[in-house]
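In the part that follows, the structures are each spelled out as C-alpha cells.
In the two complexes below, chain A is the common chain; its partner is chain B in one and chain C in the other.
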Partner chain A sequence: MSGREAVRVLFSSWRGRFGIAVLVVTVFVAIFGSALAPYDPTASSLDVLQPPSFDHLLGTTESGEDVFSQLLVGTRTSVVVGFAAAVISAVLGSAVGIFSGYFGGWTDRILDSLENWFLVIPTLPLMIVLARLLDPSLGVLVAVIGLTSWAGTGRIVRAQVMTLRERAFVERARALGAGDTYIIRTHVLPNTLPLIFANTVLIIAVAILSEAALSFLGLGDPSRISWGSMLENAFGSGAPSAGAWWYVIPPGLCITILVLAVTLIGFLYEEYINPRLAMDRES
Partner chain B sequence: MSVRWLSGKVAAAALTLLFVIVFNFFLFRVMGDPTDQLARLPRATPEEIQKLRGQYGLDKPMLGQFTDYMGDTARLDFGISQRSRRTVTDEIKDALPWTLLLVGTGTLLATLLGSWMGVKAATRRGKHSDQALLGFNLFTYASPEYWIGIILILVFAVWIPILPSGLQVTPGTEFSNFFSQALDVAKHLILPATAMTLMLIGQYFLIMRSSMVDVLTEDFITVKRATGMRWDRVVNRHAVPNALLPLVTLSAIQFGAVVAGAITIETIFSWPGLGELTYQAINDKDFPVLQGTFLFFSFAVILANLAADCLYFFLDPRVQGR
Partner chain C sequence: MNSKRIRNIAAAVIAALALLGAMALPAAADEQGDAPVLSIGWAQDPQTLNPFIGLDEEDYTIWAINWDLLVNFDPEDLSPAPGIAESWKVSDDKKTVTFKIADRKWSDGVPVTSADVKWSLETLGSEGELFTSYTNNVTSITTPDKKTVVIKTSKPDARIVGGLLIYILPKHIWGKVPLSELTTTYQPSLPLVGTGPFIVTEFDRGRLIKMDQNPEFDGKKPKFGQLQFIKYGNQDAVERALQLGEIDLVPEVQASTFKRLGEQDNIKTVDSPSPAFTELAFNLCPEKLCPDAQVNPAIRDLPVRQAIAYSIDRERINQIAASDTSFVANGLLPSYYKSFYEDPENTYPFDPEKAKQILDDAGYLPGDDGIREKDGDRLSFNLYTRTRSESAYNAQAAKLVAEMARDVGIEFKVQEVSVDKLTELTVRQVDGKPAPDFDAFIWGWGGDAYDPSFLLSLMTTGEIGGSSDSFYSNAEYDKLFNEQSGEFDVEKRKEIIHRMINRLQQDLPYIVLTEDPNLQAYRTDRIANVEPTCPSGDGDIFCEQAGYAPLLDLAPGSSSGDEGSSGNGVLIAIIAALVIAVLAFVLIRHRRRRDEPLEVEEETLEVEEQPDGTDGEEK
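What follows is the complex of A and B.
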C-alpha cells in the first residue's frame, strides 16, 4: 500500500471521508483551541451551572466556567495522549512482533509469553495501578497507556512476519547473503507496515478512551483540562442530577465522535488489507 | 491428545497468574514505597513509623519481604484496608456478588441482543435496517460507557424520574420479605445494567454480523435454499449455529472490557461492587485494596480466558483434531 493508495482508500467511502473530516477539525482545534476559546477556561464566575445562552454557547460549569471554552482547550489533551500513546504502542508492538516472528526460537518464546501476558491481564486496572503509583502528568498518561496496549499489535505483526519469513523473496535475499537487518528493513518492514498502520489507527481510539477513563477516575493530569476531566468534574459536582445536560453531553459526545472517526478509518484499512472483513461489501 | 491440550492450557494460565502475583509485588513494594503511606498517618513520629515498618515487615530485606508476600497471597491474605480497617479479603467478598450481578446481567443481555441484532443485520445486508443497526452499534461501541451511564441518569432519573440514580437498594427501607427486597434491587439494577449492556453490545453485534455474512455466502447455505427449505429455517437452523463460534472467543476478549466497565459504571451508579471499591481505593490511595482488586481482576480474566478456551475446545471439533 503506497501513500497515494492509502489516501485513495480513505476517500473512496463515506466512512473514510467522515473520519478524515472529523480528524482535520479535531487536530485544528487541538492546535488553535486556546486561541479560539471565547473565555479563559478556568476563569470562574458567579454564573453557576447556567444553561446555554449567547454569552455562553454551551452554558457554564459548577464554578461558572465556560463549558465551550473548556471543550476547545480540552481537545489538545485527548489528541496528544491519543496519538503519542498509539505511536509508543505501535513502535513497541512492531518491534516485539518483528523480533519474535523473524528470529523464532527462544526469542519468540519469551517475547510471545510476554505478549500473551499483556493480552490477558485487564488493562484498565493495570493502568489505574501504574497511574496511581506515579504522579499524574501528561507524560505518565502517555507512557502508561502506550506500555499497556501494544500486545495486540505485537500479536498481529508476529503472525504476518512469520509468513513473510518463509516467502521466496526473503529466502532469495538470504541466499544472496543479505543480513538480518537488511532483510528486515527492505523486505519485512515494508510488507508489514500497512498492517501496523491499520492497527495503530485503531489503537488511537483505545488510547483516547483510556485517557478519558483515567481522567474521569481522577488519575489525569490535574493541571490540564481534558474531555475526561470535564466529565469527572461534571459528575463530581452533581451536574447530572441538576439536569445540566449542556455540561454532561458535549465532552462525551466529542470523545464518541473522535473515537468513531478513528475507528471507521481503522476498519477501512483493515478491510483493505483483508477484504473478507468488509462491512458493506456487495454480495 | 485432548488431555494434553487441556493441561497445557491450565499450566499456561497458572503460569500467567504466577507472573501477575510476582509483578504485583514489584509494583507495590518496589515502585511504590509503602512507607509513603505510613508517613501519611497523622502525627506519626519517625520512631512510630519505624515501629510500623517492623509490624508490616518492611524493615526486612527485599527477599524476606517477597517470601512473606508470597505466603500471605497463598493464604489469600492481602492485608488490611487503610480506609475501613477491614481485611481486603472481606471487602472483596462483600463486593463480589454485586459485581457478578451487574456484570452477569449486562453480559447476558449484550450477548443475546447483540447477536440477535447481528443476525438481523446480516440477513438484511445493505438495507436501511442494516445501516440503522450498524450506526447504532458503532455509536455505542465508540462512546465511553460511563458517559452513557450519566446520560441514562439524566434521562431516567432526572428528566423522567422513574428510576433511582444510584445505590443498590433504597436506603433505610425495612423489607417485609425477600421478594420485595429483590424487586427493589432489580429496580436499582436497571440503569447500571443498561449501561453495561450498551457498552458491550457493539462488539457482539459487529462480530456476529460479519460472522453471519461469511456463513451466508457459503455453499451449504445455497444448497439448503435450493432444496426449498424456508429461508428463516435456513438461517436459524443452519447459518446461526455455524456463526456462533467467534462469539465464544469474543466473550473471553471482552472480559477485560467488562472489568473496565465494572469500574467506571459502578462509580457512576454508586453500585457497591469491586469497581466502586477500586474507585474509592484510588481516591484514598488505599494501596492494599487497590492491590487486592488488581489481583482479583487479573485472576478473573485469566480464569475467563481459560474457560473460553475450554468451551471452544468442546464446540469446535477442528481444535480437538490437532
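What follows is the complex of A and C.
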C-alpha cells in the first residue's frame, strides 16, 4: 500500500472523510489549544458550576474554571498519549511479531508465550497496578498503555510473517545469500507494514480510551488537564448529581467522537487489507 | 501516633450522634415489623469494633452508643452527667476524685463494678490508640470496694470529671484477652456487650452495622427498635440514597452538595458549630531536633510564612472550596470556644501587595520564571493534601492556595496523597528522631467539645513526636500552656490563651484557613418534631459529644417509604448511553476482527441466552 493508495482509500468513503476531518481538527486543537482558550484553564473564579453562558461557552467547574478552555487544553494530552502509546505499542508488537514469526523455534516459543501472557491478562487492572506503582506523569501513562497493548499487534504480525517466510521470493532471496536482517528489512517489513499501520490506528483509539479511563481513576498526570481528568473532576465534585451536564457531556462527547473517528479509519484500512471484512459487512 | 485522624474523626463521629440527638429522630417503620428502624448512611464505615486499634471517626459513632463513659455529658450544655459513675466528689486540692459507681448491668446481665472502670481506664487509657492522652496526669486509680473508684492526679486536671473520653468496657470479657491480642487483631464477639441503649448485633464490614436495643438498659426506653448504619461506595451515593428515601439520616454531608441537598423536598440540612478547622501547616522542625527532616529550609524563614499568610484569601477558599459552608478562621483557637475566644492581634487579612513587600524586604526577588529566590534558595515548596475522595474541600483548598501564592512569587507543588501516606510523611522517623518529610500540607483538626486544651497542646514542644505536626517549639508558649491548663478561672485562662494565640500568629506554624461546622442532613418525612436539644439557649456547644442521651428522645416519623424523586435520571441515562456507545464500538471492533468463527459464535450465544428459569428467583 503506497502512500498515495493510503490517501485514496481514506477519501474513498464517508467514513474516511469523517475520520480524517475529526482528526485534523483534533490535532489542530491539540497544537494550538492553549492559544485558543479564552481563559486560563486552571484559574479559579467565584462563578462555581455555572451553566453555559456567553462568558463561559461550556459553563464552569466546581472551582469556577472555564470548561471550554479545559476542553481545548485537554485535547493535547489525549492526542499525545493516544499517538505516543500507539507508536510504542506498534514498535513493540511488530518487533516481537517479526522476530517470533521469522525465526521460529525457541525464539518463537518464548516470545509467543510472552505474547499470550499479555493477551490474556486483563489489561485495565494491569494498567491500574502499573500506573499506581509509578509516579503519575505523562511519560508513565504513555509507557503503561503502550506496554500493555502491543500483544494483539504482535499476534497479527507474527501470523503474517510466518506466511511471508515461506513465500517464494523470500526463499529466493535466502538462496541468493541474503542475511536475515536484509530479508526482514527489504521483504518482511514492507509486506507487514500495511497490517501494522491499520492495527496501530485502531490502537490509538484504545490508547485514548485507556488514558481517559486511567485519568478518570485519578491515575493520570495530575499537573495536566485531559478529558479523562475533567471527567474525574466532574464526578469527584458531584457534578452529575448537581445536574451540571456541561461539565460531563463535553469531555465525554470529545472522547467518543475522537475514538469513533480513529476507529472508522482503522476499519477502513483493515477492510482494504482484508476485503473479506467488507463483504461480511455488506452481506 | 496520629490523633489527627482520630480527632477529626471524633468530632465527626460524634456528629452522627448530634444529629440523632438534635432532632427527635424517628425511624422508618418498615421491614422490621413493629420495631421501627433508623437507617443512617455513610461512605466510610468502621474498620473494627475494637477501641484499642480503631482510628476512624466512624468508630466513635458506634462506641458512643454501645458504651458509657465514666462520666457522660449532659446534652443540654455538655456539663458532666452521670454515666457509669452516678456521683463523684472532688477533694479540696482538686487532685483526688472519688467516684460512686451506679447500679447498672452489662447487656449480658453481669453487674458493672469498679473493676471494669479501673481496667478500662488503665488498659484502654494506656494502650488504646486514641485514648492515651487523657490520663497523662493520673498517678493512681484505686478501688476500695466494688462501687467506688478513686483517681489521683499529679496536678489539678479538670478532665477527670467531664473530659475523660475513655469508654468503660466489660472487664469480664475484654480482661480475658491477652494485651498483645487486644492491640493487634482482636475482634470482639457479637452481640457487643455494653451498657448503652443499643448494642451491635451484626457487623458486616463494608456493608452494614445493625444495633439492637440493649435488654438490660435501664434508662429511658428508645422509641425505635434498631439502628442500621449502611455503607455506600462514595459520598455522592450516600446523598442520593437520602434523596431516594433509602436512608433517613446522613451524619456527614459534603460541603459542595450541602446547599443543594437542603433544597430537596423532604430533606432538611443542619449545620452545627464544631471546634474543627482546616489549616495550612508548615514543617518547622528545628535542625537539632530533626537532623534528617526533608524540607526546603526557606519555609522556616518567618517572612516567607508571613508573606504566604498575606497572599491567601481565606474567604475565597471558603467561597469556592467549601461552597460557603465554613467561615474564615483567625488563629488556632476556633471561635467555637466562645468563653475563651478573642480575635488575635494579627489576623493576616488578604493583602498580596504587602506579601510582595515583605518578600522584597527579606531579599527574595523574582527569578526568570516569576518564582522568588534568595542566594539560590527558591521559594518552591511541596504542598501535600488528602485526595479528593478523602476530602474534596482540602484538595481544592490546596489548589487555591497554590494559585494565590503563585501571584506573589511563591510556588506550591500540590500533591494529593492518601491519609495513610500523609500520616507517614508527618510521623516519619530516622534513628528514633522525628524526620518529617514535607514542606507544607493542608489538613484539619477537630477539638474536644468542652475544652480547648487539646488543640492548644498541638503546638507544645512535648507533643513533638506525638500529635505535633508542625514541630513548633517555643519555651514561652510551653510555659503559658501549662499555666492555662491549671487555671480554673475562665477570665484569667482566656487571657493566657489569648497570649498563646498571639504568639502562634506571630510565628505562624499554622495558617488556619477556615472553621468548619458539621454538615448533616435528614429526611423530614421520616424524622418529625425536630428540635435541637444540645444547644438549648445560646447553643454555643454542639451536642455531638453528648453520647447517646439525645438518641433516646427520638421517635419514628410520620411517614415512611415515600420514594423521593431523582432529578438526575436523565443525566445518568445520557452518561450511560455514552459509555454503552463506546463499549459497543469496542465490541463491534472485536467482532470485525474475527473472521469465520463469527456465525458459529453467534449460534452458541443464542443457546446460552436461553432463559434458564433462575432469573425470576428472588434474591
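Going forward, the second predicted complex is superposed on the first by the 278 of 283 C-alpha atoms of A that agree within 3 Å, B and C clash if a C-alpha of one lies under 4 Å from a C-alpha of the other, contacts with A are read in each partner's own complex, and residues count from 1 in each chain.
Throughout what follows, a residue touches a chain if its C-beta (ideal position, glycine included) is under 8 Å from a C-beta of that chain, and two chains touch if they have at least 3 such contacts.
Just so you know, these numbers come straight off a predicted model, no measurement behind them.
When both complexes are overlaid on chain A, the residue A:G218 reaches chain B and chain C alike.
In the superposition on chain A, contact of A:I249 is made with both chain B and chain C. In the superposition on chain A, A:T123 contacts chain B only, with no contact to chain C. Contacts of A:I145 after superposition: neither chain B nor chain C is touched.
Of the two partner chains placed around the shared chain by superposition, neither chain B nor chain C is touched by A:I183. When the two complexes are overlaid on their common chain A, residue A:E62 makes contact with chain C while staying clear of chain B.
Of the two partner chains, chain C is the only one that A:A43 touches; chain B does not reach it.
In the superposition on chain A, contact is made by A:G236 with chain C only, not with chain B. Applying the stated contact rule after C-alpha superposition, one finds that A:L260 touches each of chain B and chain C. The intersection of chain A residues touching chain B with those touching chain C, taken from the two complexes, comprises 205, 209, 218, 235, 240-243, 245, 248-249, 252, 255-256, 259-260, 263, 276-277, 280. Contacts from chain A toward chain C in the complex involve residues 42-44, 46, 48, 62-64, 202, 205-206, 209, 218, 222, 233, 235-238, 240-243, 245, 248-249, 252-253, 255-256, 259-260, 263, 266-267, 270, 274, 276-277, 280-281. Chain contact summary for the complex, chain C toward chain A: residues 235-236, 239-240, 254, 256-257, 260, 316, 319-321, 323, 387-389, 392, 396, 399-400, 403, 414-416, 567-568, 571-572, 574-575, 578, 581-582, 585-586, 589, 592-593, 595, 598. Chain A contributes residues 113, 116-117, 120-126, 128-130, 132-134, 205, 209, 212-213, 216-219, 228, 231, 234-235, 240-243, 245, 248-249, 251-252, 255-257, 259-260, 263-264, 276-277, 279-280, 282-283 to its touches with chain B in the complex.
Within the complex formed with chain A, the residues of chain B that make contact are 12, 15-16, 19-20, 27-28, 31-32, 125-126, 134, 138-139, 141-144, 146-148, 150-151, 153-154, 157-159, 165, 210, 214, 217, 255-256, 259-260, 263-264, 267-268, 278-279, 282-283, 285, 290-291, 293-294, 297-298, 301-302, 305.
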